[in-house]
Structure formats: structure tokens, C-alpha cells
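Each of the next two complexes has subunit A plus one more chain, namely subunit B in the first and subunit C in the second.
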Partner chain A sequence: MKKIINDPDQVVQDMVNGYIAAYPEKVRLIPNTLVLARKEAPIKGKVGLVSGGGSGHEPAHAGYVGKGMLDAAVAGEVFTSPTPDQVLEAIKAVDGGEGVFLIIKNYTGDVLNFEMAAEMAEAEGIQVEKVIVNDDVAVEDSSFTTGRRGIAGTVLVHKIAGAKAESGGSLKEIKQVADKVVANVRSMGMALTSCTVPAAGKPSFTLKEDEMEIGIGIHGEPGIERKPITSADEIATELTNRILEDIEISKGNNIAVMINGLGATPEMELYIVNEKVQGILHDNGIHVYRTFVGEYMTSLEMAGISITLLKLDDELKTLLDAGSEAPAFRS
Partner chain B sequence: MKKIINDPDQVVQDMVNGYIAAYPEKVRLIPNTLVLARKEAPIKGKVGLVSGGGSGHEPAHAGYVGKGMLDAAVAGEVFTSPTPDQVLEAIKAVDGGEGVFLIIKNYTGDVLNFEMAAEMAEAEGIQVEKVIVNDDVAVEDSSFTTGRRGIAGTVLVHKIAGAKAESGGSLKEIKQVADKVVANVRSMGMALTSCTVPAAGKPSFTLKEDEMEIGIGIHGEPGIERKPITSADEIATELTNRILEDIEISKGNNIAVMINGLGATPEMELYIVNEKVQGILHDNGIHVYRTFVGEYMTSLEMAGISITLLKLDDELKTLLDAGSEAPAFRS
Partner chain C sequence: MELDVSRTIKWIKLANEKIQMNKDYLTTLDQPIGDGDHGINMARGFQAVVTKLDEEDYQEVSDVLKDVAMTIMSKVGGASGPLFATVFLKLTNALKGEQIINQKQFAIGLNEAVSGLKQRGKATEGEKTMVDVWSPIADLFQTNEEVDHSSILQTASNALEKVKDMMATKGRASYFKEKSIGHLDPGAVSSYYIFEALAEVWKGASK
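Our next item is the complex of A and B:
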């Protein structure tokens, strides 16, 4: 295992410490937890936004804590859901009296633990609402999921729900707009290589030297098909068409595009994919309102990409464009 | 070779096309070149800033084109200097009458070609000044360099010189502040793995499964030492101490820190390194004014990091904090 770490069992704690050390003016660590919260939280009169999940997907989710996006992120161990206790600490840390909204990626562990935390918080008198993100069109059920998985589209939920909360939206209004994003966002990924969980010490799976996997999950869960590597244009076409078959995006519609690197993919390759994706959308008469290219939701050092499309209306455009001071999503 | 590309000989052209497709409102391609320029360039009354170099270091340099940073970036083939003709096209595209400032990483090819372009531009009546960035403390001369190499510290030169230009600084004033950054910035890197130039089709070099290279360059040029992989704390200590031996940073000084990923390093590991670096600086009584963690100057899919320290005075602090709308450096 080639990694720049200290103790494989301490990587999340070390990372969280290093994160606080990088942005001491923006975030604070809730004592005795792996919860990172906005320095100024709880903010009176503002709904608190909490997300999180297993670590290994950085910059998700701590990188999205900041004005205009999340109020707190809960870091589980690598590829492991945080416990309900930890999520509860996050909820309590950001409740400014208007309730707390949870953004959950659809993995069985995350859903159970976040929902249990929500019940515990409600028992303490905190109002909680939630959205479950399930943007991955690749497979209906998988190793860790009933229903579709939540992947990079989650970041756009953070952005838009975060903007709504920052503008003074109520818990109900945030829920409505987050539901709208989830209804209109779709993603799909592929990988060339596996990744290695530090505590495991060896790759999660193996692909042959000429092989890729289409539809893979962000923990290396099996996808649709293993096959010989094709060209960037063919990969972009396969993923984009699969998404377009799943959601009605008509001629003249406005969308946001995210080309996401899974960890070890050179940025050069993301832009090569972007050219083809934009070409396909253009040929379909679809108007691209905003494009995001970079590492937004990774899988440690996996080489691969995901493509996300989000259909926009005027409300979503405005919220997508609103300011964000989160380190991993400045706008 | 596992890459998401089309034709290995077309990766730079395809990437540039994909970049324009991502940010059509911010950048334009100078026809028949690989030069990306700010949409609004040339800007009358503002000094134009140009940088560039071989491709494969993304987001450098195109990602730094935008208000508050560069006016144009010239993309060479992978790890290959752009030709003087291309650099000249960039200079001509951004000259708004107040002259053009070139930011050059210290590689023999880049220096020769940018200087030749400067002479050609001056023959056409455009005033040109330049700075050569040589922040890498690892080795004095190397495969492609006389003197020290220019690496991630270059991005801080872009930022600060860019802010000076945006605020109306003259060519002379920009030269002064860029020289000040170069005098006060130092970097050093290390790698766990090699990278593969697409047209070569195989790794540039090999490291054993338990081996790392200290002091390596961003094209895989040999460094100081190959040795067994040590812990993140030991790596952070070795690089930071080497930098601190090279530049006088005293108790109470303010600095900026950049923890840069070389391409395939999980962000988690960058934060683990950051914790130790900040600890060392704290123990030395050095005040960290700003920290940047992410991929700023990469080497395709190389796994590894570099650490950059920049000693700041009040002028540099103000310019570092000024707004930037470049996609890869939003502030």
C-alpha cells in the first residue's frame, strides 16, 4: 500500500485535525467527535444544514462546510457511515432554533444512522427534515444500497439547499427545493482502477490492465459491466446517453453539468470528457447553464470519472449561482 | 496505459477544447493556437499577464486565467515547452497598451521560448517584462533546468502579480512584487509513483512498491533520494525542514502554506500532511496567515505532494487576499 499516512487506523482523525488546521477561521471541531462545523454555527434564525458519510470521498463533505453551503459535516471512518451519536452532535451544534436539514446519500448505513439521529434530535425538541440523494442511474440496488446510490449529484444538493438556507428559507422551503434537485439530478460513473482502504491495506477489487468498469459506485461497488477500455468519447457518450434515457431533458432546457474526478484522474482527462459531453448536449439542443469540472466526490485514489446532469429552472439557477465560501466550492 | 483519452497525440488539443466548453463566458481560444485568454482581454489600461508551459500540470496554467490572475495561458504539449510563436500570440492577445508580464517556470525550454517571444513582441512595439520562478529547493540543477526548478510556488506568483495587475499596477510595479514573491517562496516535493505521458504510453520511471522519491520534479526528474516510504509525519518534517533551512523565516513572521497534490494523491493525505506541517510551523513560532490545500500544480497521475511556504509582508497579504475569478483559484 503506497500512502502518505501515519497510522492506518487514525487517518480520519488525522485528516480532520489537518482540516481544522487549514481553515481555523472557518471551521471548528465539535469536541470528542469527527464533526466539523462552521465557526459561527449555530446561527440564530437560520436552518442548519448537515451532511456527511463515510470518509474517503474528500472534498465531500467537510470541504462543503461554509457560508452558503453546509453548517456541519460528519466524517465516518473510511467508507463507513458515521454513528447516530456523531450525527446527533452535528445536529445539536448547528440548530439555531429554526430546525436542521439533513442531506443523506442513499446508502443503507447512512440512511439508518442519520434517521436514528433525527429521531434522537426530535426527542430533544429539535425539528429535523431530510432528503435522501439517489442520483446514480447505474444500478437499482447494490452492495450497500436499497435503491439507487447517492454520488456526486449530492454536492449540487448541498449547494442549492445551502443557498436556500442562507437566504432565510424555512425548513419546509429547504425540503421543497432539495426534493426538486433530487428529482432533477442524475449521475453515472466509471473507473479504470480500484482504490485501497487504508485499514484494509490492499485494493478493494482489481481490474485488468486493459479493463474498465462502467457504472461503478464510489466505494468500488460493482457496476453494470467490465469491458475493455474504450475512448474518452465513447465513455462520455455511454454515460451521458444512459443519463439522458433516465430523465426527460428536452430541447431548450437549461442544465448544469458536473464532470467529477474520482481521485487519481488527471484533470486533463476530465476536460477531454467534458468536450464530448458538451457536444452531445449541444446536438440535443440542451443549453448548458453552468459546468463544474474537478474532484467533488472522490473514492480515495480511484482513477475514473462520473458525469452529473441537473435540470434547472429559474429558482435552481439563482440558488446555484448564489455565493459560497466553502473551501471546496467557492462561487 | 490506463487513460480516459481519445488519441494520445491529441490530448492537449482535446483538453483545451473541453476547457473552452466548460467556461465559454470566461475564456476564449486564440484561433489556431493552444492559447487560452480571458474573454475580455486585451483590457485597455491594464498590464496583461501571461504564463504557461508544458501541459500535464493542470489546473496549471489555464485554470488560473481569470479576473485577478492571468490574462492568458499557453499550453505546450505534455511536459514540453510551448513554442515562441504560441507565446507571442498570447502576448499579442492580452496587450492592452500597458505592456505584458510573463511568469515563467525555470525550465530551460520555457525560459528560452518565452524570452524569444518577448524579443519578438518588443520588435512589434509591445513592452514586456518577466519573472522566472525557481522555488524548488530540492536540487540546484536537473534534467531540464539550469538552477532551481519552478513548481507549485508559481501559482502564488500568478495570484499576487495578478492582483497587482488588476489593481492597476504598472509593468514595473508588477515586476517588483513578482520578484518579491520569488525571493520569498520555497517548495519541495516527493512522490510515491510515476506518471505516464500519453504519447509515451508507459511510466516515465519506476519506484518499487515500498519506495518513494524525495525532491522529485513535476516531470519526474530525479530528486535527492530514493528510500523506503516513511510516515506522513516524517515526510512532512523532512520537506518542511529542508525549506526552512533554505529561507530565513523568523519567529513571528507571517507565511502562506500550500500543500499541493501531484495528481493521484487522495485529498485525505494532503490534510494529514497539513496537520504536521502546521505543527512544525507553530512550534517555530511562525504564524500561518493562509493555507491552501489541493491540486494546484500536478504531474498527470503522479501520487505525491509538494509543500510550499511563502513569507508574507503586508503588501503580499493584501494581494494574496484580493479577489480571483479564475476557475482553479476562487477567492
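Our next item is the complex of A and C:
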């Protein structure tokens, strides 16, 4: 293992400390937790938004804490859900009296821990609603989930639900719009190399020099097929077609596209993929309203990409365009 | 048989000993179906529970159980943390205010624990999860006037035998469907240790 770290057991704490040092004007650390909250939270009269999960997916989720997106992010150990007491602290830190909305990726551990925190918060008199994101079309059940996995599409849920909350939306309205995003967002990824969990010290899996894995999860969970690597155009075509088979996007529909790097893939390659994706969508008569290219939901140092498509209506367009001051997402 | 503060503490400490002793075995069970950390997580969590219990003085059984639940919740992690925390939290709530817990009260507590567990894990009997150990034990206490230690042991080990032959449809093991038959669910085995420990405390108490 070759990593720029001090102590494998301290990576999350060290990262969180460094993050706070980078954005002291935007975020604060809730004492004795790994919860990063917006400096001004709780905001009276605004619904609080909380997300989080295992670490190793940076800039998710702390990078999305800021005006127009999340009010708090809870960092678990690498690829491990945060515990309910941590999530509860986040909920309490951002409740401005209008309730708190949780955005959860669909992994068994995340769902159990966040739901338990939600019940505890409700027992303390805080109203809580949630959405479970399951945008990955690759596999139905996996070693980490029952049902589909939540991946990069989660960032668009943060953005749109965040904009709704910022504009004064009620807990119920935020839930409605978040459900709408989840119903209309689909993703799929692929990898060239594995990631290495610091505490494990060795790669989670191995791919041969000329091999790639289609449909891989953001923790290195198995995808659907291992095969010899093909060109960027062929990879873009395969992933885009799989997504289009799963969700009906008709001629004339407006969509948002996200080309996401998994950690070790250069932006150059992301743009090469993007060109092909845009071409396919254009050929299908689909109108691309917004495109996001970059690292949004990574898997440590995995080389690979994911493609996300979100079908938009007028409400989602407006919310997607609304301002965000989160360090990792500028509108 | 009745459960007081000192017996409750003894129960949990015995359970911890069994989990520590079988840490590697539990991890081996978890490797093919999960991420192989069940034994490590449970051992770390229950050790923290025992440390906590040694630090405090308790007046009521429910206070002991509450600390067990809260420590498991913050120290075990993964999917097991909230599941084991839930059963102890439900027991805590059901037994609140009682100095001495009789069998009938304990039966009510176990029933609450099982329904909480089913709700948390969105699971029911027959799905190869820890529910399949907790539920038969709750039934045993519910339907028998005098439960003795050997019936607790018998019920727990019968339950575990049945779990082995089930096909997983919930949790991570469901990914392996048919392949899961013949394999033991690590959460069910940890639950077995908890009841094996209970049986030993029960034996010591009823004489």
C-alpha cells in the first residue's frame, strides 16, 4: 500500500480536521463527533438536510455541506456507515424547528443506522423524513445491499433537495421533490483498477492489466462483467445504453448528465467519455440541459467512471440551477 | 427465576466472554457473505459494553440494559450495531421501573425486542437472520410457566440448526441466495451466544 497518510486508523479524523481547516468560514465540527455542519446551522425556519455514509467517497459528503445543499454530513469509517448516535448529533445540530430531511444511499448498514437515528430524533420531538437513493442500474442485490445501490446520482438529490430547502420548502415538499429525483435518476459505473482501504492495506480486488469490470460498486463490490478493456467510446456506449434501457427518456426530454471520476481517472478521460455520451443522447433526440464532469462520488483511488442521467421537468431544472455555495458543487 | 441487576450484568459479561472467544469464528462466518468484520465489530462493541458496566453503579435492570444498548449502538457499527442495539433498547423500555424482573416481564420484554428487530431489519421468521434465534426464545418464555436453563439452551441450539438450512432472502447473505443454505448466519450465531450466556445465568440463579 502506498498512501499519503499518517496512521491507517486515523484517516477519517485527520481528513475531517483538514477539511475544517480548509473551510473554516463555511463549516464547523460538532464536538466529539465526525459530523460537519454548516457554520450557521441550525437555521431557524429552514428544514435541515443531513446526509453521510462511509468515508472514501470524497468529496461526498462533506463537500456538499453549504448554502443551497446540505446542512450536515456524517462521516463514517472508510466504507462503513456512521453509527446512529453520530447521525442523531447531526440531526440535532441542524434542526431549526421545521424538521430534518435525511438523504441515505441504499446500503444495508446506512439504512439501518440512519433509520435508527431518525427514530431516536423523533423520540426527542424532531420531525424527520428521509429518501433512500438507489440509482445504480448495474445490480439488483449486492454484497452490500438489498435492492439497487446508491451512487453518484445521490449528489443530484443533495443539490435539488438542498435548493428546495433553501427556498423555504416544507419537509413534505422536500420529500416530494427528492422522491421525484430518485424516480428519475439512473447511474452505472465501471472500473479499471481496485481501491485499497487504508486499514486493510491491500487492494479490495484485482483486475488484470488489460481487464475492466462493468457495473462495479463504489466500494469495489462486484459488478456484472469482467472483460478486456475497450475504447472510451465503447465504454460510454455500453453504460449509456444500459441506463437508457432502464429508464424511459423520450425524444425531446430534458436531462442532466454527470460524468463522474472514481478517484484515479484523469479529467481528460472523463471529457473523452462525455463527448461520446453527449453524441448518443443527441442521436436519440434527448436534450442535455446541464452537464457535470468531475469527481463527485469517488471510491478512494479506484480508476474508473460512472455515468448518471437525470430526467428533468421545469421544477427540477429550476432547483438544479439554484445557487450552491458548497465547496464541491458550484451551480 | 428472576433477573436482578447483578445477574443482568453477569449475563452480559458471559455473553461478552463467548463473543471474544469466538471472534475469529464469527468473522469466518461473515467472510463469504459480508465484509468479514462481524466478529471484530461484535468483540470490540461487547468489550466496550463490559468496560462501561464496570464503571457504573446500577439501581435498575433497565439502566444496565440501556447502557448495553447505547454502547453497542455507538461501538459495534455496520448493520449489526443497530440490530443488536435495537433488541437491548426494546428490552430496556419494556422493563423500565422494575427492580426485579420476573419471567413474565422478561417474556414481554423479549416480545418487544423481537418486534423491534423485525421492524428495524424489515425481516420476519424464516429468512435466515438473527430473528430466527430471538423469536423462538421469546416464544419459549411466552408460552411456558417455568422456563429452566436447559430449555433455553435447547431452544437456542435448535433454532441455530434450523437457521443453517434456511435460504437467505434478507441482509447481505441474500446476495448468495441458494448458496447460503448450509451456512450459518453470523448474527444468529452471536445471538445464540447471548442466550447460551442467559441459560448459564438462569442455571446459577434457579439452583
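Please note the rule applied: the second predicted complex is superposed on the first by the 331 of 331 C-alpha atoms of A that agree within 3 Å, B and C clash if a C-alpha of one lies under 4 Å from a C-alpha of the other, contacts with A are read in each partner's own complex, and residues count from 1 in each chain.
We take it that a contact is a pair of C-beta atoms (placed from the backbone, for glycine too) under 8 Å apart; a residue touches a chain by one contact, two chains touch by 3 or more.
This structure is a prediction, so every number in the text was calculated from the model and none was measured.
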{"item": "Chain touching more of subunit A, residue-wise (subunit B, subunit C)", "value": "B"}
{"item": "Touched partner set for A:Glu295, first subunit B, second subunit C, both or neither", "value": "first"}
{"item": "Which of subunit B and subunit C A:Ser81 touches, first, second, both or neither", "value": "second"}
{"item": "First, second, both or neither for A:Asn17, with subunit B first and subunit C second", "value": "first"}
{"item": "A:Phe205 touches, of subunit B and subunit C: first, second, both or neither?", "value": "neither"}
{"item": "Subunit B and subunit C contact sites that coincide on subunit A, given as residue numbers", "value": "none"}
{"item": "List of subunit B residues in touch with subunit A within their complex", "value": "2-6, 11-12, 14-19, 21-23, 55-56, 58-59, 63, 192-193, 209, 212, 229, 231-233, 235, 259, 263-276, 278-279, 291, 293, 295, 298, 300-301, 303-305, 327, 330-331"}
{"item": "Subunit A partner contacts - residues on subunit C that touch it in the complex", "value": "33-35, 70, 73-79, 81-83, 85-86, 120-121, 170-172, 174-175"}
{"item": "Of subunit A, residues touching subunit C in the complex", "value": "76-77, 79-81, 83-86, 108-109, 112-113, 115-116, 141-146"}
